[in-house]
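Chains here go by letter, A, B, C, D, E and F, matching the order in which they are written, and residues are numbered from 1 within each.
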Amino acid sequence: MELIGLMFLALIFLMPLGANIYGRTRIRKLMITSAQTQSEESVKQHSLTAFHGLFMSMYVLLPALVIILCWLAFAPMVISSLLVSEISRLTGETDPRLLSIFVSKLEALYEGVLKAEFVEPEVRQALGYYGALIIRANIFLYVVTIATAIAGFVISARHISPRFAARDKFEVIIKRLMQLASGVAILTTIGIILSLAFEASRFFDVIPIREFLFGTHWSPQIAIREGQAGGSGAFGAIPLFAGTLMITFIAMLLAVPIGLMSAVYLSEYASKRLRNIAKPAIELLAGIPTVVYGFFAALFVAPFLRNNGSVIGLELSSESALAAGLVMGIMIIPFISSLSDDVINSVPQNLRDGASALGATQAETITQVILPAALPGIVSAILLAISRAIGETMIVVMAAGVAANLTANPFESVTTVTVQIVMLLVGDQEFDSAKTLAAFALGLVLFFVTLMLNILALYIVRKYKEQYD
Amino acid sequence: MMLSTPKIKSSGIIVEYDGKRALHGIDLDIYPNEVAALIGPSGCGKSTFLRCINRMNDVIDNCKVSGRLMIDDTDVYDPEIDVVELRARVGMVFQKPNPFPKSIYDNVAYGPRIHGLTENKDDMDRIVKKSLKRAGLWDEVSERLDDKALGLSGGQQQRLCIARAIAVNPDILLMDEPCSALDPIATSIIEELINELRERFTIVIVTHSMQQAARVSQKTGYFHLGNVIEFGETNDIFTRPQNEQTEAYISGRIG
Amino acid sequence: MTDQATQTAQSKHLKKRYRAEKRFKFFGLAAICSAAGILLVLLGGLTQMSIPAFTHHYVTLDIAIPETTIQAEQVTDLAAMRKVNWRGMVRQSLRNEFPEVTDRRGKRAIGNLLSGGAGDALRDKVLNYPTIIGSTVAVALPLSDDVDLLLKDLIDRSLPEENRVISDRELTFIDHLEAADRIDRRIAWFLFTSGDSREAEMAGLRSAAVGTLLTMLVTLLFSFPLGVMAAIYLEEIAPKNRLTDLIEVNINNLAAVPSIVFGLLGLAVFINFFHLPRSAPLVGGMVLALMTLPTIIIATRAALAAVPPSIREAALGVGASPIQVIFHHVLPLAMPGILTGTIIGLAQAAGETAPLLMIGMMAFIVDTPMWIDDKATVLPAQIYMWANNPERAFQAKTAAGIICLMVFLLLMNALAIYLRKKYEKRW
Amino acid sequence: MVEKQHIVTAFDEDLATLNDMMARMGALAESQLFASTEALITRNPSNLDDIIKRDKELDDLEALLNEKVIEIIALRAPRAADLRRVIVALKVVSTLERIGDLAKNIAKRNKVILDTPLKTQMLPSIRTMTSMVLKMLNQTLDAYAEVDAVTALDVMEADIEVDKLNTVVFQSLIEEMSDDQEQLKIGPHLLFVAKNIERIGDHITGIAEQIYFLHHGEMPDQDRPKADGSSTIALS
Amino acid sequence: MMLSTPKIKSSGIIVEYDGKRALHGIDLDIYPNEVAALIGPSGCGKSTFLRCINRMNDVIDNCKVSGRLMIDDTDVYDPEIDVVELRARVGMVFQKPNPFPKSIYDNVAYGPRIHGLTENKDDMDRIVKKSLKRAGLWDEVSERLDDKALGLSGGQQQRLCIARAIAVNPDILLMDEPCSALDPIATSIIEELINELRERFTIVIVTHSMQQAARVSQKTGYFHLGNVIEFGETNDIFTRPQNEQTEAYISGRIG
Amino acid sequence: MVEKQHIVTAFDEDLATLNDMMARMGALAESQLFASTEALITRNPSNLDDIIKRDKELDDLEALLNEKVIEIIALRAPRAADLRRVIVALKVVSTLERIGDLAKNIAKRNKVILDTPLKTQMLPSIRTMTSMVLKMLNQTLDAYAEVDAVTALDVMEADIEVDKLNTVVFQSLIEEMSDDQEQLKIGPHLLFVAKNIERIGDHITGIAEQIYFLHHGEMPDQDRPKADGSSTIALS
């Protein structure tokens, strides 16, 4: 079976190659015969030989790929639904939850992960059916794929002739492929919106949207443990929003001045050598994974703050908003400085020359000419940074609290939207519980808030960016 | 013309980029209220020399200037000299119009403001108006001083840059190919303006176009490989140059 | 007189301006320094913290492996090998060092000195050198994490016994072994060669690293072709109209959508709808691919846009078709930029944790995943799990894991930066 | 003609200077011519030395104008009508200088003539010729200033009369000389005076042609009117 | 000259950008082996017209061309026409030298390669050599055909672009301000080259510089606000233009 | 002089054409002049009509050259030495045309003179003048081609002799006329023939001056040698 699979895979790549070679050879032959027969007025070949080959290989490869992809996407669904009906036939069970557990067990059994003795005998009976099903599915795949490939070969081979515009046809195919690819970006967004909205709407069926958005009490754990549908009002997200905002605010307080000033210094004052070192360094800083910052926050910053805080007499919670905010600020510094640096650098040199030729000092040039010129870009960078801070997960998961306190005190522990999403979804999930669905509602809010910020940032750049040329 | 003393007196100005000489000792006297045009093949050092006059070369790391350059009685390369003040006295206009992305008014007011020429709104209005008038732009923009400068046409932008430069009341205006980004009509307007500005300023202009040098200048200097080959009355340079290289360049033979 | 007055006023003004200049420059420098300082603290702290995890203390014991335990020809038989009580053997040989200890508690204490993985170490030794069966050999066996910490001076001996994980009695054993020169410190290779483990001292990054590689492979395979093709279409071919404008806004936005949202998407679509396997690099890779796609598209578009239009005109002018223009000229010129963007995008993806938490790639995985639909975890998730582990030894482990991850990411980024520097073109 | 200003006003100024100088030169040539013949008629030789000296002025003006023209071409690269104007100026200037020379020559000869008490009957005719020529010159200079090609054509017509008159004068002077041996002392000079005036007429016609060219961009195509028969007169 | 039939015959070519007319019906006949120069103020549509001839305007989304443009007997805007083939017949040289960032050899060989003119290395060598020779660049680069084209000087690059264009054996060469990015010396060399190329190609050149039009062309067309005001012998246009607008432009009065 | 080629070879070609045409025109003027005086000396009037007709050729050449010069200035914007050469060409062309005119005039007068059987003693002198002038012309044309300012100065010197000789001839002719009334039939014409030759000398001097200017960029500063005393001769 494995071997056949590999051979099939090889065939998928060999067939187009063969088609390519066939196409080239054929057009060459055709050209030679046409030169012999119509000696006076030899036919001009429309497209280069290579395009005939490429054209044919596309006709062979693409339909086959489409079929494979469809199979990959839908075969599991089809197979498992077939399994479900088979098992329910065997066991007489109708509860979909139980059925799906049976199916998982059967799959595990088939793969040898699960020992047979842990599996219900009825389910064990389905094992043979399952094996046959998979073999049939594979054979179906091989046959259909190869058949389409051959069909593609035959159809395309008939086109080959000197006057045939193989280049144009090939290019059209390429263009279509590219169009499809750019559709993926849109599909993703649609996917995000639909999936979030779908799950969230199920959540809002249970919890009124007003309560979710304006409620001040958040304790989803209780709701679950009591086995309630959550009607007791533990899903007020205001504390989460407040916590998120506070941490974001602290982060910005740290990141904006430091990031901006370092960008200014680097692009305007720093010597070439310093710049050559510092700029990549900052970019590397931006490449540090957030889980590292989270660890840093939890292990260094929070204890440090707490210890020093108690020295000055401040009561700091071990998971204070301050620690998470500061570390998030550190994470954002390279983001802001890197973006601002780009914007500042894209201010044309001749503006600097213009100002200094007027006798402006460098600081005057920067503050009065360059920064105003770069302002839209900088503002948009800051907005993007805010959006990033709001959506940042790992730092807060590791350094901020889980308790939903509604407080304005940065030394206390707060929780954020992303923390709660993680809390709600990590571990075993039951897709129907309000607890799980609440995560999607939070995700939806998160998505829309960041979307607005991003669009605003884009709008500012587009609207206020100066056109120097 | 030779009655007065030179406004700019360059003696043996040598410029090196990374130790490679770009100018091999330039001696030039430029007199007040003259337009001096510098012409010559590409890379001969015209711009480099121009940028010596207001020390714009300071900005370039790898650039070293030696020799003596006097403006009136001040030695430009005296270490005591304040570059900021120097540049207020020596305005500069660049190849590509480079208005600040601010309003027309603020562009012109920028120089006077940083130099503290006035803190009085009325005075500032007056300065702005005068400068724009001198730059021949007032009639076109007086109604929309608060509009963005970048909304102006190329030629207007360049005149705005001239207005901005003269708003700080310099003695000298340096222009580095001020028309090479403009179309012929805008070019003529600027050339005309240069001619008028001569009454008040000493102007040094670098140009690629011999025609332009001929049209706007009283003196012309021909640069070649970092040397001034000939400097004299424009009229003479174009009708009877003394030097064969100048002659060859002027009359379109390979220099 | 007045002239002089204005002159002094002027020079005063000038002085003020210069002071402002100095101040401003100072702020800039201060910002840079503080950023650099923070970076140093972060990296320094982590490095320092991670150092202990790269070494481990071993005790060298003479162990007799009687032929009765296993036959030399059986070593390849995994089932047979598993049946042998390796653990018992090593414990016993350690106890043999302390013949004076006879009480059960003492014996247990001696046994606890060894790592839970000591038996496996012996087994591996036998596996590699079946010829030692039947003889007595000196084998280096890992000590338990607590002993290791103590030997690294990370556990304070002076604490009262009840506050210490190592009892006084154990201390004497350890001292004895040390005095007998039986204990030495070695590089902890298992950090790289073994999978995750409940035993802090035996836990390694191998399965997570392979998981990361598999995930990245999926990500690369999906995001690179799609991203580049989409970028080419949008930048070079698509007519400029509302639709393409919308796509562009959409892509820019997608690049800034919080990563956790992609996790939610993956959970809802790939797992719940398409029934793809949970915790698999396939799904993780696809989620990360969606996340990376905008980065690659944007980088590619920037790289394409940076190719001067004059090149396109030139090619069109000699009669190249638009697609030829793209594939012959624009794309090769943009390639360094595209690769840079792709590498940076992949590096970002490789460091990403949150979306993978959503799709369950945070499982306890001991075995190294073999293929993209095996259960797997990735390095950041591994780090996160270790970080949450209360056991003391896991702190250093976490730090070490971070250092490894960062070295990997830094290399990727450095490669990207190098590529960009090398091919940075001015037309 | 294009009446618009040049964008480079210096060019307009140059052209204006050129025109000014031309006008001055024209006026000077006119006055020289008038004065030189007038001396003969009034028999007052006192101005003649002045006339001879002032010719230098014309020469200098010519040199200046030549330089100016070269300068304009070198610096302004004139084209189309501007170029024609400049080139024509160059030609007209030479011609005016020649007119000045001829006037000087008349003055010189008059000195000799007036040194003798001899008189000729032809004075009125010479006077007529002179005034005709003066009128032509005057018209031509105006026409030049205004690029008036119509007047220029008139002037060319008028020259025919001058030529005719010269033929008559030539013949009569020869007759005078053969009638009175004494007249040989002034006759030849008078011949040249008349001839000079006729030449001036020709030169003016030349200027007129240039004006025509200036306006139309091409030379008048009819052959230049030539009614000076004096060269072909068989003397009795 | 008028003996032959026109090489390019434009009748009532109208171009609209976003529905705004940039050309209002251009009628021009250009004869073989002539250099036709198009001059006129900025934005008058010279480049637009030039780009109609090889349908480079097709690339611009918002551009609509109507009217008839014949090259020999082919209607350029016939929907049946293969643009790729058309562009092989009508070479184009651009304002800024734009060699591909490949070797000198590959630059020239690119056109013949994509058009499948030869698959034979020797033939290709011959084509490259011939084209470089015709472009007057062979002597300077024959020793370093494998060097990067971008290492050449601006003027050499532009000649390389010309070589690249003529390597596919076009009948017509279009040049859009081919010298405006070059210094005077390089400019003269290109102008000289244009003069030589006339023997084999019909050349249409857009230029901002009247001097250049005067120097290189046999016919000159004056464009103004999207119309051809006058088209005729260069000599006549520069010495006795028939139209007052042409006269005003030619002689430096505001057009 | 700058010997290098122009980068724009069309410019060099234009200049070469110009020089060619100038040389042709010079040669033509030379032959006209020679032929017209030679007729007088050989008393063979058969060529004279030809000479008169061929003057048209010179006129046409002048028109062509003028056009060429304008074209060069308009299209090539010459400067410095190139500009001088073009401007000088314009001047020289006018002068050559005048020389042609004068030769024609001589021819016309010779027809009248040869119509009579009368002879003059002055023929050898006139012949001498002619050959002097011819030599000057020849030298000048060569000097022009080579921009040889030294020869040009020589020519200017040489003109002094021509002028002197003319003065002598003038006086002698008057004497002949007073001695022999009959001579009045040809004397005045002969006066003009001699004067014309002298004028031609002047014109050649003018060309020489232009050559000097061409070379040095300025006119020779000494006053133009003027040794023609004929205008100021008090006739006995």
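For this structure, a couple of remarks:
As a working rule, a residue touches a chain if its C-beta (ideal position, glycine included) is under 8 Å from a C-beta of that chain, and two chains touch if they have at least 3 such contacts.
Nothing here was measured: the structure is a model prediction, and the numbers come from that model.
Between the contact lists of chain B and chain F, the overlap consists of D, E. Counting steps between touching chains, the shortest path from chain A to chain D takes 2. Put simply, the C-alpha centre of chain B and that of chain C have 59 angstrom between them.
Taking each chain's centre as the mean of its C-alpha atoms, chain E lies 50 Å from chain F.
Centroid to centroid, with C-alpha atoms defining each point, chain C and chain D lie 103 Å apart.
For chain A, residues touching at least two other chains, in rising order: 361, 364. Residue positions 6-8, 11, 70, 74, 76-80, 83-84 of chain F are each in touch with at least two other chains. The residues of chain E that reach two or more other chains are 114, 185, 188, 211, 238-239, 252, 254, listed in rising order. All chain pairs that count as touching, in label order, are A-B, A-C, A-E, B-C, B-D, B-E, B-F, C-E, D-E, D-F, E-F. Of all residues in chain E, only 41-43, 183-186, 188, 208, 211, 252, 254-255 touch chain B in the complex they form. Taken in their complex, chain F has these residues touching chain E: 6-11, 70-71, 74-77.
Those residues of chain A whose C-beta lies close enough to touch chain E in the complex are 45, 48-49. Contacts from chain B toward chain C in the complex involve residues 82, 84-85, 114-116. Chain D contributes residues 2, 4-8, 11, 76-84, 217-218 to its touches with chain E in the complex.
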